[in-house]
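This report concerns only the one structure given below.
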Amino acid sequence: MHTTDDLIQLALKEDIGPGDITTDHLVAPQTRGQGTIIAKADLIIDGLAVAAKVFQTLDPASLVDARGYRDGDPVATGSTVIQVDGALSALLTGERTALNFLQRLSGIATQTRSWVEEVAGTTVKLVDTRKTTPGWRVLEKYAVRIGGAHNHRMGLYDGVLIKDNHIAACGGIAAAVKKVRQSISHLIKVEVETGTLEAVQEALEAGVDVIMLDNMQMDQIRQAVRIINKRVLVEASGNVTRQQLKALAQTGVDLISIGALTHSAPAVDLSMCIERR
Amino acid sequence: MHTTDDLIQLALKEDIGPGDITTDHLVAPQTRGQGTIIAKADLIIDGLAVAAKVFQTLDPASLVDARGYRDGDPVATGSTVIQVDGALSALLTGERTALNFLQRLSGIATQTRSWVEEVAGTTVKLVDTRKTTPGWRVLEKYAVRIGGAHNHRMGLYDGVLIKDNHIAACGGIAAAVKKVRQSISHLIKVEVETGTLEAVQEALEAGVDVIMLDNMQMDQIRQAVRIINKRVLVEASGNVTRQQLKALAQTGVDLISIGALTHSAPAVDLSMCIERR
Amino acid sequence: MHTTDDLIQLALKEDIGPGDITTDHLVAPQTRGQGTIIAKADLIIDGLAVAAKVFQTLDPASLVDARGYRDGDPVATGSTVIQVDGALSALLTGERTALNFLQRLSGIATQTRSWVEEVAGTTVKLVDTRKTTPGWRVLEKYAVRIGGAHNHRMGLYDGVLIKDNHIAACGGIAAAVKKVRQSISHLIKVEVETGTLEAVQEALEAGVDVIMLDNMQMDQIRQAVRIINKRVLVEASGNVTRQQLKALAQTGVDLISIGALTHSAPAVDLSMCIERR
Amino acid sequence: MHTTDDLIQLALKEDIGPGDITTDHLVAPQTRGQGTIIAKADLIIDGLAVAAKVFQTLDPASLVDARGYRDGDPVATGSTVIQVDGALSALLTGERTALNFLQRLSGIATQTRSWVEEVAGTTVKLVDTRKTTPGWRVLEKYAVRIGGAHNHRMGLYDGVLIKDNHIAACGGIAAAVKKVRQSISHLIKVEVETGTLEAVQEALEAGVDVIMLDNMQMDQIRQAVRIINKRVLVEASGNVTRQQLKALAQTGVDLISIGALTHSAPAVDLSMCIERR
Amino acid sequence: MHTTDDLIQLALKEDIGPGDITTDHLVAPQTRGQGTIIAKADLIIDGLAVAAKVFQTLDPASLVDARGYRDGDPVATGSTVIQVDGALSALLTGERTALNFLQRLSGIATQTRSWVEEVAGTTVKLVDTRKTTPGWRVLEKYAVRIGGAHNHRMGLYDGVLIKDNHIAACGGIAAAVKKVRQSISHLIKVEVETGTLEAVQEALEAGVDVIMLDNMQMDQIRQAVRIINKRVLVEASGNVTRQQLKALAQTGVDLISIGALTHSAPAVDLSMCIERR
Amino acid sequence: MHTTDDLIQLALKEDIGPGDITTDHLVAPQTRGQGTIIAKADLIIDGLAVAAKVFQTLDPASLVDARGYRDGDPVATGSTVIQVDGALSALLTGERTALNFLQRLSGIATQTRSWVEEVAGTTVKLVDTRKTTPGWRVLEKYAVRIGGAHNHRMGLYDGVLIKDNHIAACGGIAAAVKKVRQSISHLIKVEVETGTLEAVQEALEAGVDVIMLDNMQMDQIRQAVRIINKRVLVEASGNVTRQQLKALAQTGVDLISIGALTHSAPAVDLSMCIERR
């Protein structure tokens, strides 16, 4: 929440700097205007509160109406998703920043929704990764939930994920798991990254809570699922493409983590019409 | 510069929060490590200084070596672009943040380079827009230059761009241009957005420095270029796709602005190997 | 805008610190008061919004009435320019900070106005410089506009001004101009500082947009104006005194830049009467 | 100290913004340079550490040499006061900000020194006021000390000064003094502003530590000094001009407070030569 | 004031981080609730405004009613001191932070009150020290006043306290006092720390305003008081326990400073009931 | 880490403000000194890095030597735990802030260690709560670990703890657990607060990971442990006193949470000797 406010401030500062020299010199402060933000493609909307905040930062008296839409709702091409009434100067100055937020966040929500539909009917959960845009972690992880997928840990502080180098530094999975359990809160689970079936076996014996199968082949994944046999959660990971998704879901893994949900979602098109009133 | 440092701080804070509970509990502070960042695709590298700063923030004594590469250099799949020697914990904790910066910035530089090559041999300049990721304006505009394209204004403060609503608020192009010229620095040029040939004519007469042709058809663009006849700069704008680029360049416009350079560049793949030393 | 808010916060912090120990211990929070700010000399008022913000920061419910005055209006000795109704403690605590802003900004506006009147009837524009009080750039440049003069670039980011050392570093004016044009936005003009008529000639040939005549004698300036012959804008610069202003204006230069507009304007006298209500 | 660092950061940000577009595009980062700052008038130097900090912020490896000068030393026209060796780009980008600090601070120190000399041979102390440039309190009060005068309280938190309205709000001087003494630290003295000899008498009886004679005539001041008779400190205040200074000093007051020391000191002229090395 | 707001922000950030994952996922934003904060012991309440600010930060529309209590009032076990009506989520998320502030501040006020009662009937003043919780200086010193004791200086900036090492660095008390008086505001008093009767004598002769008797025995203190004989204020200092308080007060010292007022006050018990409405 | 740096900055700012007026005026910047911090009681030391950072902030060249001690080591009365060599002024100015950190953090570590020893030989884990000093969460939770106890969740973001009001808002434990599991990361466990054996049963059936027994009697606790029968972790909570600790540990609960570990630990005594060198 606070982080998001900081990002909005940062965004406005980097765009406006010492002043919007076009609008400040051409539009009188008291002139009123109305803006409508319109979807230029079918999309899942996300970022409504952020866009509202942009305009209210520039004109605290502006009224922002999302027309009944809530984050996560599908919006059809041509529909108006937001109407803003306020100072014309605030609309002109804030337009681009508001759209930049909406286009990226709705882009993530829209793409996520379509990936999620790909595995509809299975019990697998799609989860995001830490491959988010620096500065946008909270917003992008929220967009993923809005799109229907789930969140992996938010950061390095709310989940233990033991990787190869952690294991190497401790002399084995068992030692690493034991050591970390000594120090962490009892509300945090421990996940271990594995690349071989031997490592899977070792992780099971070490009493981990979740096993990540990293960059394994389909066959290997199926074997791993059989070995693990529902004793702990299983996460498949590693440059997952949309094509593989269905097959991967059918291997019986509980979770599929996908960096592309956040790092490569294309922006969706929204535009804003502004009128003097 | 300052903005970039703020963004790096923000990125590390949102990822590490109160602590990297895996690394902090498993890796002793004095353990040394070496990390190598490797291109997993052919790419134009960008963000070397940012990545270095991430590791140096976590371990001021770490040594970061870009192996002779500079921002803008092409890197072949499999090549090592950065080698870091420092505290193993700093490498493990900083890995994802450094990669998140590199993947996005190199993604923009790489895509920009390929768009630029599309118009090689013409005199047209590709320019970016303000459709950047909020918080990343300076970094993304730098990536565009590194990719070989040019920057439009950095924000609302270093260039005048008069749009429809500005014109409506002033009662015509001539009035708007005259009014804004009164107030701005003599080092700032005035650009006007036009949607019709009449508006182009009006802008010429008003003495603008640059005319933007917004969302015009090819035919209309060619006519506008003929009317303007080199008296002022001409910018073509409006959801330009890569397919149209060549044709657009051949109309004789001076500049083509492309939001997709920054808002929809896919991340390129880089990964990091970390070893205890 | 943000910068100004930061400066107001900074000003209140440095004055109040952990508490106004006189007012906090002597005036009950609920006591109301009325303050009137009165001009003690004929002046051009500037900083009305800043002064209002000071009181509203200390008492968000305070009412600040500028009595019909707007920034740039002349105010006669003895006139009340601002009336504030609010918590008596907020008036007593904020008085000095509000006056410090008003006295300095009105000082700049007042002095600027009188310099501008000196060249009334000519077409020359008086412009400010970057010799502003650190932290006050936006406010002081605004005061200059309010006083009737014009702004040079706001900072190092919104205009190119190539000086001797830049030229030396590039091997000549032509090379420098060509190099910088490659990299900057098409909305930014290029100005070159010249000290001799040869340099003026060189700058013209290099295709600059503006030529600064730095510390030239009157004769030399007249010659330069003749050589340039309206092809580009001409700026006269260099410790300009008020005495020289008229003569300088008559040389035909387009712009005269004057550091003293901001760096040495004396504060004008305003005082505040506060009464309990 | 912290405040000063914040102000330097603010000054560089407002000038550089997203980049020094002249220097960044014309001067290679590795080019070295040397700068010399030269007095263009006889002056008392102040701000040496601030100027050094400006360059070291831009190039941490730069070497700044004050040539044996320390804050408060007189410097003759034409003398070099600072020599900087560092990145040429850092010198070019930082020049104006460093000079802006030096010119204002040395201006205050120089003017203060001359006012102090006016009362040489008397025991009176000249003191500053809270009429400082917002954001600059610590720096300007230091410049006053460097110039040879003394500081009044730094802000509202480190001294009690009871004014008319405080008195009115409490029902008399005696009541106000008693009430505030209850609440403040035993290391803080209490001063009361008086405008009449009756008020002086009342303040004496209330047991104040310092009496301010506000805007009194010479005769009245002499009488007040006689009444007070060394029992407490006496401060003369109110738009003191340099002409009155000597006479005022001879009335026997202990302190003369002068707003003009900080609010209207003209900048002194210093310039910087920069050479590539 | 500002500092306190910063501390509240910091407190909420460190507790909520990227989100209250229990409340955010279980309680709808529009659900209303009512909270009552109840004393679980007899106590002196302090921190009412801080607690209110916590809830109003999370829900600006929440109503906080202190039920007629003001900071410093005694509250009996079982009494409700605050009632909050607002978003249920804001109550659940803010509960712990609000209580953490109230419990610590009321703990200090409560303990201070009981120490003050110990010396009731004497003229001695109990004062606090700089042994406060880092970050809490203003709040804890306010709690001390609320508890009925007095404040020593707020920090290193609003009072001079010359210690052994300062004296050693200057070559004696007389030299140190003279030197510091030259440089400080005339509204600041000078206190010297003494450990022997010789030092007391020396301090008296140096013209200090206050003498601190540091870690002296009762006998020595009595002698010092006799020597000083009301000429300056006397402060007794040094790990004062509650048992010694009465005896110490009867020695005739003016002030007794007690670090334990702030550094070791136990939290008092308050709890909060929250109900959905 | 960042949070801690912010707190150190805040602590120095609130103490030093615009300057340490005693030290700044009495001690020359170049004078060197040596300080030794000595335990005045047997204690468990904690905060060594924080104390070092205080001095290094004031004098980056100061050398801080912890004499072989590490956080968590027992230190005997009279032992020197830290030796600092640096600017005498930095030692004098930083002394109190460094001690304030050390005394509070070592106080927590020392008290925690003694509580932990109380349950030596049992398998129960003592855990802290969120009843920490606002602003100090990370530091105090670290001190608890250093003292030998364990951390509960760091904040509201890294563990789910469902309380009465959450349950009421969702219509029962089962509904609440199901709902929250839908939304949280798979690395986060779910704990439910229970006050009756029926609630314990309900929680077990809802598939929670941890059950908190809140304010139950010993008998009830024993019954609950029997019912739960090792299927999930059991935490005893509610104003636990040191006297009850042993008995509570023998009931078979896995965890005992104790707010007093952080909210009421008395500061331990350390002092600093400073000498000029």
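In this document, chain identifiers A, B, C, D, E and F correspond to the written order of the chains, with residue numbering beginning at 1 in each.
Please note the rule applied: contacts are C-beta pairs under 8 Å (C-beta built on N, C-alpha and C of every residue); 3 or more make two chains touch, one makes a residue touch a chain.
Just so it is clear, the model here is predicted, and its values are computed rather than measured.
Identification of common neighbours of chain A and chain F yields B, C, D, E.
A repeat of the C-E interface exists among B-E, A-F or A-C. It is A-C, with more than half of its contact pairs matching by residue number. Seen from the Cα centre of chain E, the chain whose own Cα centre is farthest off is B. Centre-to-centre, using mean CA coordinates, chain D is 45 Å away from chain F.
The centroid of the Cα atoms in chain C and the matching centroid in chain F are 52 Å apart. Listed for chain C are residues 3, 14, 16-19, 137-138, 154-155, 157-161, 183-184, 188, each touching two or more other chains.
The touch graph of these protein chains is complete, with an edge between every pair of chains. Those residues of chain C lying in contact with chain A across their complex are 1-3, 137-138, 154-155, 157. Remark: chain F residues 125, 127, 145, 150-154, 157-161, 183-189, 191, 209-210, 233, 235, 254-255 touch chain A in the complex.
On the chain F side of its complex with chain E, the touching residues are 3, 6-8, 10-11, 14-28, 31, 33, 88, 92-93, 96-97, 99-101, 103-104, 130-138, 154-163, 165-166, 168-170, 176, 179-180, 182-184, 188, 239, 263-264, 266-267, 269, 274-276.
Considering their complex, residues 9, 12-13, 16-19 of chain B touch chain F. Per the touch definition, chain E reaches chain B in the complex via residues 14, 17-18.
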